[in-house]
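Next come the structures, one after another.
Next come two complexes, and both contain chain A; in the first it sits with chain B, in the second with chain C.
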Partner chain A sequence: MQKVILEYVEEEYLEDDDEELDVDTPLISGGIVDSFSMVSLKRFIENKYNITIPDDKATPEAFDTVTKICVLVKEST
Partner chain B sequence: MSFSDTVRDIYKQQLKEIQDAGIFKQERFIHSAQAADIEVEFPTGSSLKKVINMCANNYLGLSCHPDVVKAAHEGLDNRGYGMSSVRFICGTQDIHRELEKKTTEFLGTEDTILFPSCMDANGGVFEAILTEEDVMISDRLVHASIIDGIRLCGAMHDTFKHSNMDHLEKKLQLHADKRLKMVITDGVFSMDGDTAKLDEMVALCEKYNAIIFVDDSHATGFIGKTGRGTHEQCDVVGKIDIITTTFGKALGGASGGCVSGRKELVEMCRQKARPYLFSNTIAPVVVSGVLKVMDILFQSTERRDKLEANANYWRKGLTEAGFILKEGDTPIVPVMLFNAKLSQDISRDLYEEGIYAIGFFFPVVAKGQARIRTQISAGHETHHLDKGLEAFIKIGKKYDILGKTKQEIIDKYGL
Partner chain C sequence: MSNIGSYEERIKDFDWSVSERELGYKEGDVINIGWYCSDRICEMGKAGKTALIWEEHGGNEKRFTFDEVRLTSNTIGHFLKKLGIQEKDRVCLFMDKIPELYLSFLGILKIGAIAQPLFSAFGDEALFIRMENAETSAIITQKKHVSKARRIRDKLPALKHIIIVDDAGRKPLQEREVAFSLENATPIEDFEIAQTRAESPSVLHYTSGTTGQPKGVQHVHYSLISQYLTAKWALDLREDDVYWCTADPGWVTGTSYGIIGPWSLGITQCVLDTGFSAESWYKFIEKHRVSLWYSAPTAIRSLMKADNELIKKYDLSSLRHLTSVGEPLNAEAVIWSEKVFRKPFHDTYWQTETGSIMITNFPGMKVKPGSMGITFPGIKGTILDPETYEPYDEPGKVGLIAFKPGWPAMMRTYWRNEETYKAKFINGWYLSGDRSSIDKEGYFWFTGRDDDVINTGGHLVSPFEVESALLEHEAVAESAVVSKPDELNMEVVKAFVTLKPDHMPNNDTELKIMNFIRKKLSPLAMPQEIEFMDPLPKTRSGKIMRRLLHAKEWGEEIGDTSTLEEDE
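Moving on to the complex of A and B:
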C-alpha cells in the first residue's frame, strides 16, 4: 500500500523529476501538497481501496505523510 | 482603548516578519496619467523621475486615450458621479446594460453581467452556480482571485498540473461521478505570459461533459486576430461556457469586470452572486469610458496589431541581447533571472536608467523562478522600446548575464 500511495503522490504532485519522497516526507506541512490539492489524494485512496474517509478524519495532519495515510486507510477499512 | 499596545504589538510583529521575509510591498507614487512615459516619486519624498513604464497592464495604451477621457467626461456630465445603490434596487442605468450587451457581442457569448471588479466576478461566480454536488478542477497556476472564489464555494475542488492536458483528463475521469464538472483556467497566465490550450481543453470538456471557465483578464482586447481573447486565438469562440474579464487592464484600465457566457449561468449570477448583490456596480463615468473603448475596438484592430508588433520587437531584442525569456507570444515578457536578489538589484538599476519594471520572486512566483516581468503596450513607440533595450543590455552586461545559460546564472548568483 505504501508503494502505491507513494507513487501516486509522486506522479500527482511533483513537478521536478529530481525531487525525491519517502514514506515519512511531510507532504502538507512540507508544502508538497496544498490543502486544495489534497482532495484528489483522498478520492484516489477512497476509489483504490473502496473506502470512505469521513471529512472529520481527512485532516491535513492525517494526510501529512504516506505512513500516516496508510494508518488512516487501515482504520477506515 | 480597545486597540491596546498589546494588540498593536501583534501587528507590528507581523509587519516586521513581512519585512524580514523581503516581501514588504511599497507603493511608488505616479504624478502623471498612466502612460508609456510617467513621472514617479520613489522613494517617497524624492524628486520626480521621468521613466518609461514597462510594467502596466495598459496593453492597448487606452488608459489616457483622449477619446476615452472625453467619453468619461460626457458620462460624468450626463449620468452623474455615483449610483448610491446596488444594481437590483436602483443602481442600474441604461449604460450599464448597454455595456453588458456590447461586451457580449465583443466576446461572442450569450449574455454578460458587470461586477465592480474581475476580482469580485471571480469571487462570486462559483458560489452562484455550483453546489456541493459539483467539482471544480483548476489549473495550478490560476490567479489568486479565482482561488478566493473557489474557497467561497461549497463544491469539491481539485487541481491539475499547469497546462497538462493528460493530467486534466485523469482528473475528469476521477470526478466522473459528480453532477457538474467545471474546468477552470486563466486564458493568459499573468506571471509567465503563456496561453492556455483552450482548444484541447474544450475538446476534453466535450468528451467528459464538463463546463469550461476562462479568466481572460490578460487577453481581452488584444489576444486573437481581432482581440476577442484567448478563445479567438484558439478558435473556440462560442464554446467557452464562462469568461470572466476585467475593464481594469487593456480596456481603459479604470476598474470593473464581468462574467460573460451562457445566459442561464449569467442569470444565476444576477440572482445569487454576492459581490453583485451587495455592492454598487461600476460607476457611470467608468462605464462611459469603457463604452468608448469598445467602440474603438469594434472599429479597428490597429491598436492590438501595434501591440503585437511591439511585443515581437521587444522579445526579439531581448533574445538577441542574450537574455533568457519565458517562451510565449503575449505582451507579457518575463526576463528570467532565477535569483530573487538579482531580480531586485536589476529592477533598481533599470529604474536608475529610466526604465520602470518590477522584479518578482517567491512567493509570487515559484522558488528559483525570480524574474523581471516586462509588459508591452500599444502606447509604446519604437524609441521607448529601444531605450528599454539599451538599458536592459547595459545592466545585463554589468551583471554579466547576457548569453549565459540558466545554470551559469544560478552558479554565479545562487537560487
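Moving on to the complex of A and C:
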C-alpha cells in the first residue's frame, strides 16, 4: 500500500524530478500537497481501496505523510 | 493609542498629502517603490534593522537587514538590466515564498520594469494565458517550477529569458534559460534606480472575472501613497513590530501588504514558506514573537477547527493586533479569536483593483463581529441601487458596493483591455462587484458577489476559465461551473459535467477530470466535486442555466424557470 500511494504522490504532485520522497516526507506541512489538492488525493485513496474516509478524519495532519495515510486507510477499512 | 488615533479627527479635511509628506514626496518628484522600500529606509538610519526573517519547513531560516535588501535588490536589478530587460518590460515572478521572490520584486521595480507576480501553484494553461496576455519578457522561477515554463515557452515568442534562481548545475540549461544565484552574485553597491514617476507602471496582478480571460490589473508607483498610509493606520504597523502577512505575493495582499506596506514603513516582517498546519503556525508566532498578524478567514477557520488544546502549548502573548482579508470574516471567527487570543481579528476589505485597504475595522474602535468595518479616510464608499446605480439614501438596504475613484492605489487600467476597465465605472462610481448594506453607524455588511465569480479561500476563480479548461478534457462534452458552500473556504468550485458517449460517469473519471484541471489551471480551480448530469439545464436558446445549478447548491429558490428547455 505504501508503495502504491508513494508512487501516486510522486506522479501527481511532485514537480521537480530531482526531489525525492519517502513514506515520512511531510506532504501537507511540507507544501507538496496543498489543502485543495488534498481533496483529489483523498478521492484517489477512497477509489483505490474502496473506502470512505469521513471528513472529520481527513485532516491535514492525517494526510501529512504516506505512513499516516496508510494508518488512516487501515482504520477506515 | 493606535496609529490612527481619532478616526473622526483623521477624516476632517483628509488629504493624501499627509502620506506624501511623511514619505518626503512632492508632486512631480521621482517615486520608485523599490527605492522607498530599501534605500530610503537605510538613509533613515535603519540599514542594520532586520527587514526579513524567512523560515522554511524544518525551521531553517535566513535573515536580511534593510541594507541587505537594498544590496540584493540592486544586484537583481543589475542582472536583469544586463540581460536586456528595459523599463516597462513585464517580468513574471513565479516562485514559492522564498527570499528571492521578495527581493526580485523590488529589483524589478528599481529598473522601472513591471513586476508580474503569479501564484506558483498555477498550472501550464493558467500561466500561459497570463504571460501571453502580458507579453512577458522574462520569468524568474525555481527549478521545481521550471518544467511549466518549458512546456509553454514555444507558444510565447515575447518570452526571452527563463531565470532559475536555484539551479545546482546538475543538468544542462535549456533554450532561453539562465541561472542566477543571489549567494554567488557580486553585490551591486551603487545602482542607478529608474527615474519612475507617479504614473509609471509598477505591478501587474491578474484577477478573474465572470466572463473572458483573466484581467491584468495595472498599478503604478504612486500606489505607495495609499499602501504606506493604510499599512500604518489600518494595520497599525509600528516601529518595534514583528509583522507576519500570511498571503502569497502571487496575490495582491502579498505585494501591497506583504512587501510594500511594511517595508516602506521600515518594519521587520517574517515569512513562513511551508504548507499549513496549526501547530507550525503557532510555533512560528512563538519563535519570532510575532506582534502583528495579517491573515485570512480560511486560515482562521482552519485554526478554529484544530485542537484548541494546541494553543495552550505555545506562548502567543506577543500578538498585539490581528487583521484579516480575502473573504468575509464570519462573526464566529471574531468571537473565537477574542476567546483564545483575547483580541478580535479586524476585517479589512479591498480588492486587486483597489490596490489598498478601502474598508476596515480600525484598531481601537468597536469591532462589530461579521462586519467589514468603515471606510478608510479619503475613501468615499456607498451602496448603489442595482437598478438605477444611484446611492441608497437610507441604511440597511442591500446593493452594490461602489467607491468614488481617485485614491492613489486604484488600478489605472486592465492590461490591454480598456473596454472592460471602463465598464467598471457607472455614474462616476467604481463598481466593486460585491454586494453589502451599510448600517446607521456606517459599518458595511457583506452579503455576496454581484456576479458568478467564485471566492474560494479568499481567491477568485472564474467559472468561465474552469469551464473552458474542462472542455479540453477528452471525456467532457459540456460543463457548468458554480460555487458550493464550504465550511472552511466559504465556497469551493463544483462542476456539472455531461460526458461524451464513450465515457462512463464513475469515480475514476471524476478523479481524472479533477487532476486534469488541477494541473492545467491550479488546485484552487480544481472542482472539489463533479456531478455528472445529462443533459444540463438550458434556456430555450441553448444557454446553460448556471443560475439554476447555483441555486440548487445553495438551497435557494430556483426562481423563474419558464425559459428552461426542459425540467431536470
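Please note the rule applied: the second predicted complex is superposed on the first by the 77 of 77 C-alpha atoms of A that agree within 3 Å, B and C clash if a C-alpha of one lies under 4 Å from a C-alpha of the other, contacts with A are read in each partner's own complex, and residues count from 1 in each chain.
Operating definition for what follows: a contact is a pair of C-beta atoms (placed from the backbone, for glycine too) under 8 Å apart; a residue touches a chain by one contact, two chains touch by 3 or more.
Values in this document were obtained by computation on a predicted structure and should not be read as measured data.
Within the superposed three-chain model, A:Ser29 lies in touch with chain C and out of touch with chain B [touch as defined at top]. Judged by the touch definition given at the top, the superposed model places A:Tyr8 against neither chain B nor chain C. In the overlay built on the shared chain, the residue A:Phe44 is in contact with chain B and with chain C.
In the superposed pair of complexes, A:Glu61 makes contact with chain C only, with no contact to chain B. Of the two partners chain B and chain C, more chain A residues are in touch with C.
Touching of chain A by both chain B and chain C, each in its own complex, is seen for residues 15, 36-37, 39-40, 43-44, 47.
On the side of chain C, the complex with chain A involves touching residues 57, 96, 121, 143-145, 147-148, 170, 273-277, 280, 302, 456-457, 488, 492, 507-508, 510-511, 514-515, 518, 523-524, 526, 528.
Listed in rising order, the residues of chain A touching chain B in the complex are 15, 36-37, 39-40, 43-44, 47. Against chain A, the residues of chain B that register as touching in their complex are 140, 147, 150, 156-159, 161, 171, 174-175.
Considering their complex, residues 12, 15-19, 26-37, 39-40, 43-44, 46-47, 60-61, 64 of chain A touch chain C.
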